Structures are given as structure tokens and as C-alpha cells.
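A single structure is presented below for examination.
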Amino acid sequence: MSLTTNDVNKIAHLARLGIETQDTESYAKDLSGILDLMTQMGELNTDKVEPMAHPMDQAQRLRPDQITEENNRDKFMAIAPQTEDGLFLVPKVIE
Amino acid sequence: MEWETVIGLEIHTQLATQSKIFSGASTAYGAEPNTQACAVDLGLPGVLPVLNEDAVRKAVIFGMAINAHIAPYSIFARKNYFYPDLPKGYQISQMDHPIVGRGHLDIEVDGITKRIGITRAHLEEDAGKSLHENFHGLTGIDLNRAGTPLLEIVSEPEMSSAKEAVAYMRKLHELVRYLGICDGNMQEGSFRCDANVSVRPKGQVEFGTRAEIKNINSFKFVEKAINHEIERQIELIENGGKVVQETRLYDSVKDETRSMRSKEEANDYRYFPDPDLLPVIIDEDFKAQIKANLPELPHAKKLRFKTDYQLDDESATILTSSRALSDYFESVVKTSGSEAKLCANWVTGDLSAALNKADLEIDQSPINDERLAGMLARITDNTISGKIAKQVFEELWQSSASADEIIAEKGLKQITDTGAIEAIIDKIIADNQDQVEQYRSGKDKVFAFFVGQVMKEMKGKANPAEVNKILKEKLQG
Amino acid sequence: MHNKSLKELSHGLKNRDFSSVELTQEFLKRIKQHQDLNAYITVTEDLALQDALAADIRITNNQANPLTGIPVAQKDIFCTLNIKTSCGSKMLDNFKAPYNATVIEKFNLTGAVMLGKLNMDEFAMGSSNETSFYGAVKNPWNPNKVPGGSSGGSGAAVAARLAAYATGTDTGGSIRQPAALCGITGLKPTYGRVSRYGMIAYASSLDQGGPMTHSAEDAAIVLQTMAGFDPKDSTSVDISVPDYSATLNKPLTGLKIGLPKEFFSDELNADMAKKLTEAIDEYQKLGAEIKDISMPNLKLAIPAYYVIAPAECSANLSRFDGVRFGHRCANPVDLTDLYTRSRGEGFGKEVKRRILMGTYALSTGYYDAYYVKAQKIRRLISDDFKNALAEVDVIMGPVTPTPAFGIGEKMSDPVEMYLSDIYTIAINLAGLPAISIPAGFINDLPIGLQIIGNYFTEAQILNIAHQYQLITDWHKQTPKGFA
């Protein structure tokens, strides 16, 4: 399995990940190499195997419906790149 | 060509929990921006979600109310996309294993009952809000709403007109409020609707290409938006065009739908099980506990009202439309000891009209169940007539006095003492000999004149039946 | 002072042989002397001295716990209130966490003194500490060699005595591998034993924090503080924490040790095989029985891991978008530009590689072939361990295929780098606990022996490791120039 630079650009866009044009080639090569490693998996028949998402065979714990958090807006706004009037600012969102 | 419409609705209901679905921040509406967004809601590095029990309970209650399969095992998945109101870059939702499976809801349109299938209902977290006011050409992000629990209810594409869609939406709205799982406040976005609309030539089996209309937040707009979209699609096809699968936004000001190009590109959500959350296991105990506390459902209650209280269909329907109203009604019947029909007439009649006029809900009524019952009891024991009762009702609405206090204070007690009534009638007959002659010569209509005179003299407080009886005897001589 | 065990340090503090302030100053001095190792990203000198003063008062008041007043260094993946928490990335170079990780809270409560935050591979993605935005860490045993990763700063700091002990996190070997390459003891607990709250996620279903120390005896003390149920972490397991130090001296007579043939194949370096055989011989002397076992699906651990971990990381790292915290590009023209440039500038090459890999593995058309397939193989590997651990008490094997490799040696070939995790990765897929302990030297570079136990048997693993350390002194060796 090998990926083209075009594939890499598509994936990068999906992940909103800027990559330098001159690096695209090397990402394509690296990812193709990693995908080659993956082909081993295909050799094993796993039709009857249940996928395992988690090491612990446990149920989700439920939290009582209680308000435990207080307003920490100032603390959170202090570490944000751009804020105004208690809002996080981003370039104009067009719907 | 004749066209047929196919509509399916996806309704997002905010579950009425105190805290968020995965954090302990408040869900209260209307707070200052970002004051109810904690580290988990903001998706800060390292924080983790823990599931709110009440969100699960409310989802199960809904599932039971629509006779759906409750999944013993459901899982949360991440739906990946970038948007500034989505702090983590993914929404925690459910994909392959929703908590509520297939169920149904019966709607009525033009007197015909139709069963609409509900495909599924799943739990997910709400996103924040983008504020487009001018921040030097930037957009402001408020994440107070981020993490509010949502139950997304997905219907089968089984509605064939905007009217049916509205009926379904109303029925669902009524149900979630009745169950107490959602406050149903549409202005505040607690109950939101997306509609999938397609058209096909009548008789064709396969579906046409559908468009999804987003952001329809009132019953009126749902009907208008869908009708508009149907027209748009038919016109498009009849002019040789093709409907494209896309998301369209309803603009209530211009009354039109328009394409949302920004949301269209690259819709590859890459769902996968959220590794921060484990499978939600709903065992028989959990279900039994919910079932035991499940309120009587509207449909069952309506049937009971018809049999137990001998109400007609219309009154029963109105009275069971909300839990608060049916509780009010049943309390009035019980406390007043009056006939159910009389109670129903007052609750659905004068009281509802007054509430409507004042734009109040039943639980905000100035006349509580106890005070209305107090008045109805006096009608039943003949202390006041139905006519006088209207006057008492006015007073009840204005003041905080009880019906008995009002009756005593205003002297509205009905006179049933025949001696007193006879004395007045004798006087009136003596004063109006001409009319007596007319009556005796066969002019029956004059009888009403005498009733009027007596009532006037007695300020309306005489028992009408008693007055009729005595008048008739005396006039016949 | 810096060569003492935690027990000795605690005793010395209680005995007033030295104060916590003196001890802290000693380590701060050593950190400065050995800055060239690049083990620390942040040194919190003032705070450390304040904490030490408070600890001394606590000790005077006889309110000391076993770790009170003893200097620790934290991997920079744990969020620390108002202190830079970079995760080894430019993305978080400006990030001062507004809260403490649960693990940090636990250390604070016990009165530990934090010296600073340790270097690591960017977002814990790496096996050599070379992916750090803050540069490579040097191995104290040989400055031309890597210390391993991703907890490379932790491995180097403990080996060079720049902290009495450290924390690490392990997603595919990130505690055990640097422990092995730096000649220290590193324990990856059972998944769910140590809270992940406030520990910046790489791959949520695999990540686990644990102690990196000089000995198993020290690790038992540190794990005692780290372990325990946390209601803020849904994957934290609510079972009681045993006294890890209490069972260290249990005899090993009758202990059944399994040796998977897949771990000792021809691919294993001959010197390495020899050293491991010697270590296992010691266990036989201690009364253990050896059993050959097989875990046929082990060979698929690397491909399965390099689907699952990148898939989880691709979503976990989406929150780094330049909106609420962290790096934001200058003058974004629109939203897409804000995202792509902030992320493009903030993340290094290996992180990008894994995000791309994970995004690809989850995308339409590939999800079943990669992600679901990997989850199925994860099940098979986990079953292999279950079956093996039904027959034997513990499994032993190598930690790494070779001793520490040269800085720059494997950076050009990611696949080559990934293959160096071959002996550690499967354990994370299964969620089992495992320890790496020093088991000798090859060409003056330390190597590790790995002991893998059943779920929540940390006490037994520590006991087995401790018994070996009673009869060997590999763990007591100090790299030249750091004595």
C-alpha cells in the first residue's frame, strides 16, 4: 500500500494540519512504509473475533447529577490566545 | 406530474439535567458567556469525561415512553470535525450502539391516526455558540452550552406532509415535557429540529435525493420551511434540474432555505469508540427502577379519563396534553367532590381561556387547584349558580380570597328559601297585572319577563329552578 | 545524599541527619551541574525550596509520610497548576496549566518536593526522546546515546541522580524502555491503576502513569502514592490499593516464570539473550520454575499498536487548535488558516506523522481494514496473555532488542524506530502491569529485564523484582561522572 502526495494533502486537510510542501513527499514515503507494516495484519483471519476497544472489561461508571464546578472564566481566559468580553475570539465564522 | 413527499425528522432535545453530560458544570440557560464552561467543557489538555447518571436515566425514560428497545449495552463514539464551537475537535456522541433503539409515536392528522417509526435516540453533547456580533470582524465563542446533554431522536422517513411533520414534532414536544426530561423551551434551543425532505413521483418506490434543513426552531417555521423546500425541489426537477444531497439552512426572515456550503466539504467524521468512556451497561434492575417511577403516559391517561371520568375525546385530549394540567384537573375533581364533567368544563373553558389571555402556564395559574375546587363545590351544593360562579371566578383570579370568602363578602349566596321567593313573586304579579293577563291569554313569552323581574329584584341570587316552579304555579292562579 | 534509597532519605529526614531544604538544594545544584544532559524542561527552584521548607515543618511536627520532603521530578505530561506544562511540544510552550493532574495532587498531599518538569518526546510520541521540541536528552551512561523515550528525561534524571525519583507514562513502553536504557527501575502499572486525569492524553486506552526509580523497593513506595481510584477518570478502576512494600520480601519458591519463545527468537541480539538467561538463572536459584510458553499473535502487536495509538491520538490532539490555549499562528486569515497553521507550526514531524496515520486509519473506506482489524488483533493478543498467565505467574523477557542506540541513528526511518518497541507494546494492548529492572551491561550500556504480571498484581511484580535486586547490584551502578 502506498500513499501519494495527493493522499497526504487530503488527510492533512481532514486533520487541519499544515505541512510544508517540501515535506509532503517524505510524509508520503513514511506513511507508505508504516502501511506496509500493517499488511501483516491482513494475513490473519479475524472474522470471528470481537474487536477490543479497551483493556478493562468494565461498565461505564455514572456520576450523580450535581453541579460541582464553579465559574473559573478568568483563570481560563488568562491562558487563551485572544479573548474579549469573556469570549474566545476566532476569525469570522461564515455559515 | 403528481409528487409525493417523504420527510424524516431529527430532533435534538436538551435533557433537563442540573449538570452537563460529562462534567459538573451547570446547564442553566442565560449565564454570562463562558462562566459555565469548566475545564472538561473547554477540552483543556488532560481532562476526562464522566457520564451523568440522570442523562442516562432520562434517555431510558424516553425509550420506554415510545415502546422502544433499550440497549443493554451502548457505547459513546467520537465524531471528528473542526469547528470553533466544538472545543475538543470531536463531539462525543453515539453511533453504532445508541441507547434507545426502534420505537414509535402515534400522531393524528385530520382525525386519522398514523404511527410514525422512531429509528433510534442517542445521547450526545451539545456544542457551544458562535456569536457573530462585531468583534473587529472576528467571531466570539461562548462555550456555556458545550456539554449540555442532548437526546437526538431520529424518525423514520414516514411523514408525507409538512402537516404530519408538525403533528409529529408537537406530539414529541408534548411527550418530552410530559415526561419531564426536557423543558421544551424552543426559544432557548431546548428542542430543535432538522428535517430531511425529499420528493418522488407518486407511486415510485425508491426515495428521491434528500436535502437536510437545519435550524428550524418553531412549529410554524417547520411547516413553512418544509413546504418551501418541497416546492423548491419540485420546481427544480420540473425544470430539468436535480436535487443535490446537501445541508440547507432555513432563513425565517426571508422564508427560504439556502445551501450551507461551509458545512458541506469533507464530511468524513471518522467515528470511533471514545477510549475515555466505557460501555454503558443498562441492567434489568436499572430499568425496573425507572419503570416503577415512570409516570402514566399520555395515551393511557387519556383512555382512563374517558372511562373513569366519562369525558369526551376532546376534553380528555386537552386535559392529558401536559402532566401539570392533568394533575390540576384530577386534584380539582378530588377536592371539590364535583362531577368530573363540570370540573373539565371549567378547566378547559374559563380557566384555560384566562390563562391563554394572560399568557400563563397552568402551573403559574393565579387560581390554584384548591381554590377552583372550592368554587366548584359551591356550585355542586347549590350555594351559587353557574352564572354567579363566573363572577366568583373573576374575583378568584384577582384576589387571593377563597370562593367561600368571596361568596360571603359579596353576598352571592343563592336564595333557596321559598318563602322569600314567593313574597317577591307575589309583589311582582301584583305590580304587573297587564302582563299577567297577557300570559293567561296564552302569550307564553311573557314568562321570561317575569323571570327577569324576579332575578333583578333578587340580584341574581335566587335559585333559578325554584323561581321557575313558583312563578308557574302563581301565574296559572 | 543523592545516592540514598527513598527509605534511607525518609529516615535521614526524620532523624534530622539533613533537612528537606538541604536535600533539595543538593539536587538543584546537581541539575545545574548537569544541564547538558537536557533532562529538565522546567526547573521550579523557588517553588521546590518553598515546598521543602513546608516539608521540614511537617517532618518536625511528626506528620511525615514516606515521601514527605523528598525531591521528585515530574514528566512534563502531567498538568501542574500555574507551571508550564509543555508535553515536549512547541504547541504548549506557553501553556501554564490551570489545574493539577490527580497524580500531582497526590504528590502534593504527601508532601513531596517537586524539582521541575522533565523532558520527553513530543506528546509522548517517540522511543528516543529526540522528538522533543526542547531537544534530545543525553544518556548519562554515554552522551552520544539516546536515553530512550518517551520518558527519556525521567530515565536520564534518575540515572544521573538529578532527582530522587521521577514519574513517567507508558503507552507502548515509554516507562520501561528508557528505564532499561538508563539502568533504572520503571514500572508500568495495570491500565486503570493510576489516574489519567490531567495527564495529557496520547492514546487514551493505552496510557498509564508509573514510577521511575532506582529500585523496586523505591518503586513500591512511589506507586503507593500514585495508585488509587479517581472519580474524575472513567477508566480508573475502583479496587483497593494493597501495601506494596509489605510483600517485597515474600520468598519466590515455586514461582512459575513463563518465557515466550517469541521473545527469545533468533531476532534477539545474542549478547542480550545471554544477559537475560543469566538473570533468569538467578531466579531459578531463588526457587522459581521456568516454563516455555508461546504467544503466537505477539508479532502483530506493532502493526496493531501503530493503528490504534495514532487513531486515538489523531482525535486526542484535535483540541490543540489555537482557540482556547496553546500556540496560535500569527494573523490567521480565516478559520481553516487558523487551524492548519497553528497546528502545522505547533506540532513536530513525528506527531504530524501519527496524526496523519490515525486520521487515515479512521477515514471512510479504511476504518474496517485498519482500525477494526487492529482492535480484533488487540483481542487476540490480550487472549494470548490471558492464556499464558493462566499457566504461569509471570512472564519474563527483554525490554529492548539492543542497548541504547546512538542519537540520530534511527530518526530518519520511523519504521525502524517503531520496531524497537517490539517487546513492550503488546503489554499496553492487553493493559497488563510490567516492570523493567536493570539486568547487566552490554558495552558499558545498561539493559533491562522485563517482568509482566497479571492484572493488578503490581505487588507481586515488585516482590519478584526486589528479590532479584537483593542478590544483584546492577541497579546500584552509577554512570561515570554522576556518582
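When the chains are written out, they are named A, B and C in that same order, and each has its own residue count from 1.
We adopt the following convention: a residue touches a chain if its C-beta (ideal position, glycine included) is under 8 Å from a C-beta of that chain, and two chains touch if they have at least 3 such contacts.
Owing to the predicted nature of the structure, the values given are computational and were not obtained by experimental measurement.
Taken pairwise by the contact criterion, the protein chains are fully connected, each one touching every other. Here A is the chain whose Cα centre lies closest to the centre of all protein Cα atoms.
Across the two interfaces under comparison, B-C and A-C, the one joined by more C-beta contacts turns out to be A-C.
Centroid to centroid, with C-alpha atoms defining each point, chain A and chain B lie 41 Å apart.
Between the CA-based centres of chain B and chain C the separation comes to 57 Å, rounded to the whole angstrom.
Note: centroid distance chain A to chain C, computed from Cα atoms, is 23 Å. Along chain A, residues 13-14, 16, 53-54, 56, 58, 60-61, 63, 72, 76, 82, 88, 90-93 each make contact with two or more other chains.
Of all residues in chain C, those that touch two or more other chains are 95, 98, 205, 231, 234-235, 314, 318, 321, 323-326, 335, 339, 359, 363. Touching of two or more other chains is recorded for residues 39, 42, 44, 50-51, 82, 84, 141, 268, 270, 275, 277-278 of chain B. For chain A in complex with chain B, the touching residues are 13-14, 16, 53-54, 56, 58-69, 71-73, 76-77, 82, 84-95.
Interface residues of chain C facing chain B in the complex, by the touch rule stated above, are 78-79, 85, 87, 92, 95, 97-99, 101, 196-201, 203-205, 231-235, 311-312, 314-315, 318-321, 323-326, 335, 339, 359, 362-364, 367, 371. Chain contact summary for the complex, chain C toward chain A: residues 95-96, 98, 191-192, 205, 231, 234-235, 237-238, 297, 299-300, 302-304, 306-307, 314, 318, 321-326, 328, 332-341, 343-345, 347, 349, 352-353, 355-357, 359-360, 363, 369-370, 372-380, 382, 413-415, 418, 429-432. The touching residues of chain A, when paired with chain C in their complex, are 3, 7-8, 11-20, 23, 27, 30-31, 33-34, 36-38, 40-42, 44, 46, 49-56, 58, 60-61, 63, 72, 75-76, 78-82, 88, 90-93.
In the complex of the two chains, the chain B residues touching chain A come out as 17-19, 23-26, 32-39, 42, 44, 50-56, 75-76, 82, 84, 130-132, 135, 137-143, 249, 260, 262-263, 266, 268, 270, 273, 275, 277-281.
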